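So, here come the structures, one by one.
In the two assemblies presented below, subunit A is common to both, partnered first by subunit B and then by subunit C.
For the complex of A and B:
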C-alpha cells in the first residue's frame, strides 16, 4: 500500500510540481516576511524599550557577531547542498568560536600584540575548518557526523585552554571595536554592514558564488562543468572556520573577555542560516535572507529578554523555527534527482 | 574510406573499464578526425556513454591511451578536457536543477565586469543563443528544474555550443527532441563541421545517423566492432553489426477489433496551454499524439495524467464522468502512466530492477497480501529477457544500468501493471532498435488484450508505424487527425508545424 503510493508520487513529473512549487514558495516567502513583521510589531507594542534607538543599536551590535557566524554557516549550506541528511552543515562553528575567543583572550591577557593575537585566533579558526574539510571531503564522513565530532574535540580544547574560566582581555583594538564610532554608527555596526556587503558580492555577484551554488545544487553536474568540487566544499569549511575566528575577535572585544557559553550560539546560528533559505525560490541560503533572519533572531531574543521571558524559551523558539523551516523546505523541494 | 591519421584529433586506444564484475569497456578504440561528424552507435549497454565519460575525465580507465591533438594525456580531468577544447553533452542531463537557464549556460564561462558577474549580459546572451540556435524563447531566469526534458536538453546543448569547441561530444542529444529542434541542431552541427570542428554524435535513431554522420563507429559489448561510412553501408548493415542478429520487422503488423470507447475527453482547456481538446480512446486502439515543443501537447498529457487540473472540460472513463485530479486517482481508474522524465520520476534509482518492477504491480503478484517471490522472479526475468535489459542479475541496482536500460526498467514497470488505459509519453526514447521492436510488440499485445493506448511521441515514424489514428496539436489546438492510411511523416510534420493542414490540403 505505502509502496504503491510512493511509486505514484515518484511518477509525478517535474512541471506540475514546478507550477505548484512556484506558487508555494511565493506564499512561503510572503508568509515568512509577514510573520517577521507581526512578531516585531507585537514586541514593539507590548515591550517597553524595544523600539528605543539604544536598544535597536544594541541588537544590531549583537547581531554583528551572529551575522558573521550565520554567513559562515550559510556558505557551508550552499556548498554542501541543503539536503537535511547529507547536505553541508558545520555544527562545530559555535564551539570553534569559543576556542578562538579563548586563544585570542589568553594571548592578549598574556601580553601578545594585537596583530599576533588576531592572527592566532583566525588561524585557529581556519585550522579547525580544515579539520572539518578533511573529515568531510577526504574521509567522506557525513558533515552532520564529522562536524559533530569536531565540535566535541574543539569544546574539549577550549576547556583545556581556559580551564573553564572567563579570561579578561583588553587592548587598543578591542577598545576600538567595542566603543569606536564612525559617521554616527558604531564600529561593530560598520563591520556588520561591510561584511554583509562583501558576502553579498561573494555569494551573488562573483564567479565563486555561482560555482558554489552549482557545487551544492548538483555536484556531478558541477564536476562535469570542470569545477573542482572537492576544493570548493573544503573551502566552505575553511571559510566557516575563518568566520569563527573573526567572530571570536568581535565577541571578545564586546565583552572584554572570553566566555564559556559560546557553544549555545549554535542553535541561533543554525536557525538564522536555515531560516534564510525560505526567502529564496530555490530554497538555498542567500545573502539577503541570511541578514534578514539573523536580525530577526537577534530581535526575537532581545524581545524575550526585555519581556523577562526565560532564556530557555528563546532556545525553544529557535528549535521550533529550525523544525519548521526544515519541514517546510523538505516538503516544498522537488523530489527525486 | 581513406583514414588520414594525420588529421585525427582524438585517438582512444585499448580502453578498458570495469565496474566490479561488469566489463563496460574492453579494449575499445575510437578515432575522431578533424572536421567530421562521427557517429557512435551500439545497443543499450554497449559502452558508448562509458567511453565518452572516460574521454571527459569523469571516469578513469583501467587501461588504454588517449591522445588529443596528437598529445598523449594521462590524467584527464573535466577542466583539462575543456581547456583542450572538447565539450560535452552527457546523456544523464548533467545540469544544476536550482540554477537558472542563464546560469546553467554560462557556468564556468561567466561574463564579468571587473570582479562582478555580468548578470545582465548572461541573461541577454543566453536568450540570444537559445533564439539563435533553436529559435526558442525561454526566460533566462527560469529554473532548470521547472523546464521540460526537451528544454533542459536544449539548454545543455546551447551551453556546449556557446564555447569555442574543437570537438563537440553529444550523447543522445536528440532523445525527446522533435523534428524541428533536431533539424536546428543538425544545421548547427553541419555549420560547425564546415568550420573544421569535429563532432561525436551518439543516437539510437538510425535515420539521424545516416543523415548527419560522415563516419560511424559501431560498438558491441564494450568493444568497437567496426568503422563504417553510413552512406555506403546503409542502416541494415549497421544495425546487424550492432545487435549481431537479424532484427525482423520494425513495426509489427497488428489487426485488432476496436471496441467501445474507454476514455472520452470533451472540450478540455487549460489557460495558456491548450484549448477545447476533445478526443476518444477505444478499447484495443493505439492513438498517437504529437506536437512541437511549446504546442501545449505536454500540458495536455499532464492533465490526462491527472497531474494538472484543466480549467474546463470533461473526462469520462467507460462512459462515467470522472474528476481527474490527482495521479493516485488516475491509477485507481486503471490508467497507467509512463512519464517522459523516467530517470527522475519513473524509476527508483536506488532500488533493484526487481523491486522497481514489483512496485508498480504489487496487487498483481500479491496473494493474500504476500508476494510470491518465485512468481515475481519469473515475471521480472521474463521482462528482462523480453526487453533485453542488460544486467547480470535482477537484483542489480537501477542506478548502475546504462541510460537506455534504465528506461527499459521504467517501461517494464508500467507495462506490467495490467491497466485498461495506458498513457505513454515517449516510450522508446533512448532505447536501442532491438528493444524498440520489443516495446512495440508489448504495446500490440496490450492492445490485443483490449487496452487502449495513447502514445505521445515526437518520433513521427513511430506514430506512422504504430497508431490507428494520430492526433496533432498545434498552438494549443487539436488541429488534425490522421488515420493509419493517411498518416505519413511528411504530412504529420507539416501539420505539427502549422505549415499545412490535412483538411486544407484536401479541399485545395
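For the complex of A and C:
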C-alpha cells in the first residue's frame, strides 16, 4: 500500500514532466523554424543580393557536397541512436572524403578512366566505412572513439597519398559536374536535389529505412522482431563511407583538384545532421530536417560573407549550434529508449 | 619587442621605386564602386598585408568593399568567388591561392564580365596581375645561396606549395640556377612545408633531417619559397648547434629578419617583397581601369634582398610599425 502511494506520488511529477517535455519539444521545433526564418529575413533585408535567384542557386550548389555528407551522418545517427555518448556518429566522414578525393584525383591525374577512378574513390570510402563498422559492431568500441581513431588513420593516409599537395584533376565527368547546366540549374544542384529525393524515399518510405529507425530507437525490440541489428548498424557506416566517396567525386569536380583541409568539413556536417534532429518529435534525424539544416548552414555562411562578417565566425556559430542542439535535445528527449 | 619589426615598406627609396611601377598619374577615385576582394588566407604576415592594404586602399578611394578571407580552405575560396560573381561588383581582386583550383573559377569571373585583378596569381583571366618579379627573386636568392655554399654541397628544399604560382616560379628558377653547378645537389625526397603549424612542423622535420644527416657538410643550405617555415628550420639548426648550414627564403617575416640580423644564427638571406605596395598597386590598377585608363597586364613591384652581409646596413632603413 505504502509502495503504491509512493509510486503514484512519483508518477505524478513524472507525468507532469512528460507533458512539459511534449510542450517543450513543440516549442523547440517551432522555435527552430522561427529562428531559421528570422535569420534568413535578417540577411534578406540587410545584405546585398542575398535573395537574388543567382545567389540562392549558388548556395544550393555550394551545399551539394555537404548535403551528401550530412545524409551519410544522418543515417549513422538513425541506425546507431542519437544518444550523445553511446549513439551512432561518424567522425571520420570528412577525413574519409579527403582520402577518397585524393585517390580519385591521383588516379585521374595518372591517366585512369572516369569509371575506374570513381569506382576506386567509392570503394575507398566504403572500405573505410567497413573499418568503422568492424570497430563499432565487432570490437564494440564506442562509435565516438572508434571513428575518431579511424579519422586519424584516414587523415594520415590522405597525407601519404597527396604529400599535402594539391592534385589537379580534370576529366569529361568532372567537367560535366563542374560546369554542366540543365533547366537553368547546375548539375551539382541537380545532384543534391535528386540525392535528397532518393534519401527521403529510402529513409522514410522504404523497408530498410523504417527498420533502421527501429534499430536506432529500440535495438532490443528490433532484435526481438528478428532484425539483424549488427548488420544494420554496420550498414550505416558502410553507407556513410559511400557518401564520403560520392561527395569526394563532386568535390574534386568542383575544385578541379583534390585539396587539403577537407577534414574541416566535419564541423558543418555534424552541425547539419544534429540540427536536423530538432525537426522531429523524437529528436531523430529526418530527411526533411537534414535538408533544411544543410541549407540553413549554407545560407548562414553565405549571409555572413555578404554581410562582411569574418568567415571565422561561421565556425564559431556552427560550434554553438552543435552545443545548443545537444543541450536542448538532451533535456527534451523522453527518458529511456 | 625591439627585434620584432613588422616590415610595412613605406621607406622613401621603395616608395619612389614603387611609384614608377604603378599607373597613378593623378589621384583616382572608386567612389560609388563595389570592389570584391578575396584571399585564400590572411594568417601570415605576407598574406595579411596584401589583403589588408588592398582593403584599406579601396576604402580610402571611396569604394564599398566586400572582403572575403577563405582561411586556407580552397573550397571556401571557390564558394566565395562564386558568391562574389553573383554580387556583380565593379571589379574583383583575387589574392594568392592554388592555380589549378582557381583557374576555372577566375575564367567564370571574366565570363561574367567582371574585371579581374590578381595579386600573385598569374592567370589568363586577369586584366592585371600584381606580383614581385618572382623570376628575379628566384634567381637572386639561388645565386646568393650557391655563392655562400662555394658552389658545392647539398640543399634541403621545402617544396609544399608548387601549385601556388609565385612558389612555382621561384622553385623553377632555383632549380635552373643550380643545374649549372654540378656539385650542388638537392636532397631527395624534398620536404613539404604545410599550413597551418608551418614553423612548428618545419622545426620538427628539420630536427629529424639533422639526425639523419649528422655531419657538418651533409647539408649546406635550406631553401623555401617563403620564410615562415624557415623560422622553424633556423631555430632547429641553431638549437642543435649545427654550423655550416644557411637558410634562404622570401617575404620578410619579422622573426626571420631578426635571425638574419643575428650573426650567430643560421638564417642566410631573405628577399623582401613590398607587400603593402602590392596591395595598393592592385587597387590603383582597378581604379585606373574603371576610369577608362589602359592598365598593363603585369605590374612588377620591386623587391630587395637582405643578407647576413648587408643586414646592418639595410634593416635599419626598413620602417617598423611597432
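To be clear about the criterion, the second predicted complex is superposed on the first by the 317 of 337 C-alpha atoms of A that agree within 3 Å, B and C clash if a C-alpha of one lies under 4 Å from a C-alpha of the other, contacts with A are read in each partner's own complex, and residues count from 1 in each chain.
Keep in mind that, in the parts below, a residue touches a chain if its C-beta (ideal position, glycine included) is under 8 Å from a C-beta of that chain, and two chains touch if they have at least 3 such contacts.
Quick caveat: nothing in here was measured; it's all calculated off a predicted structure.
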Partner chain in contact with A:227 - subunit B first, subunit C second, else both or neither: first
Partner chain in contact with A:198 - subunit B first, subunit C second, else both or neither: neither
Which superposed partner A:255 touches (first subunit B, second subunit C, both, neither): second
Which of subunit B and subunit C A:26 touches, first, second, both or neither: neither
Which partner reaches more residues of subunit A (counting touched residues only), subunit B or subunit C: B
First (subunit B), second (subunit C), both or neither touched by A:312: second
First (subunit B), second (subunit C), both or neither touched by A:323: neither
Touched partner set for A:38, first subunit B, second subunit C, both or neither: neither
Partner chain(s) touched by A:49 [first = subunit B, second = subunit C, both, neither]: second
Residues on subunit A engaged by subunit C in the complex (per definition of touch): 48-49, 52, 54-55, 58, 61-62, 65, 163-166, 168, 178-179, 251, 254-257, 259-262, 264-265, 301-302, 305-306, 308, 310-312
Contact set on subunit C toward subunit A in their complex: 34, 65-76, 78-80, 82-83, 86-88, 98, 100-101, 103-104, 160, 162-163, 192, 194-195
List of subunit A residues in touch with subunit B within their complex: 3-16, 18-19, 21-22, 201, 205-207, 210-211, 213-214, 217-218, 220-228, 281-284, 334, 336-337
In the complex, subunit B residues that touch subunit A: 56, 58, 77-79, 81-82, 88, 90, 94-99, 103, 107-108, 110, 112, 115-117, 119, 143, 145-148, 298, 302, 305, 307-308, 327-328, 331, 337, 339-341, 344-346, 348, 359-360, 362
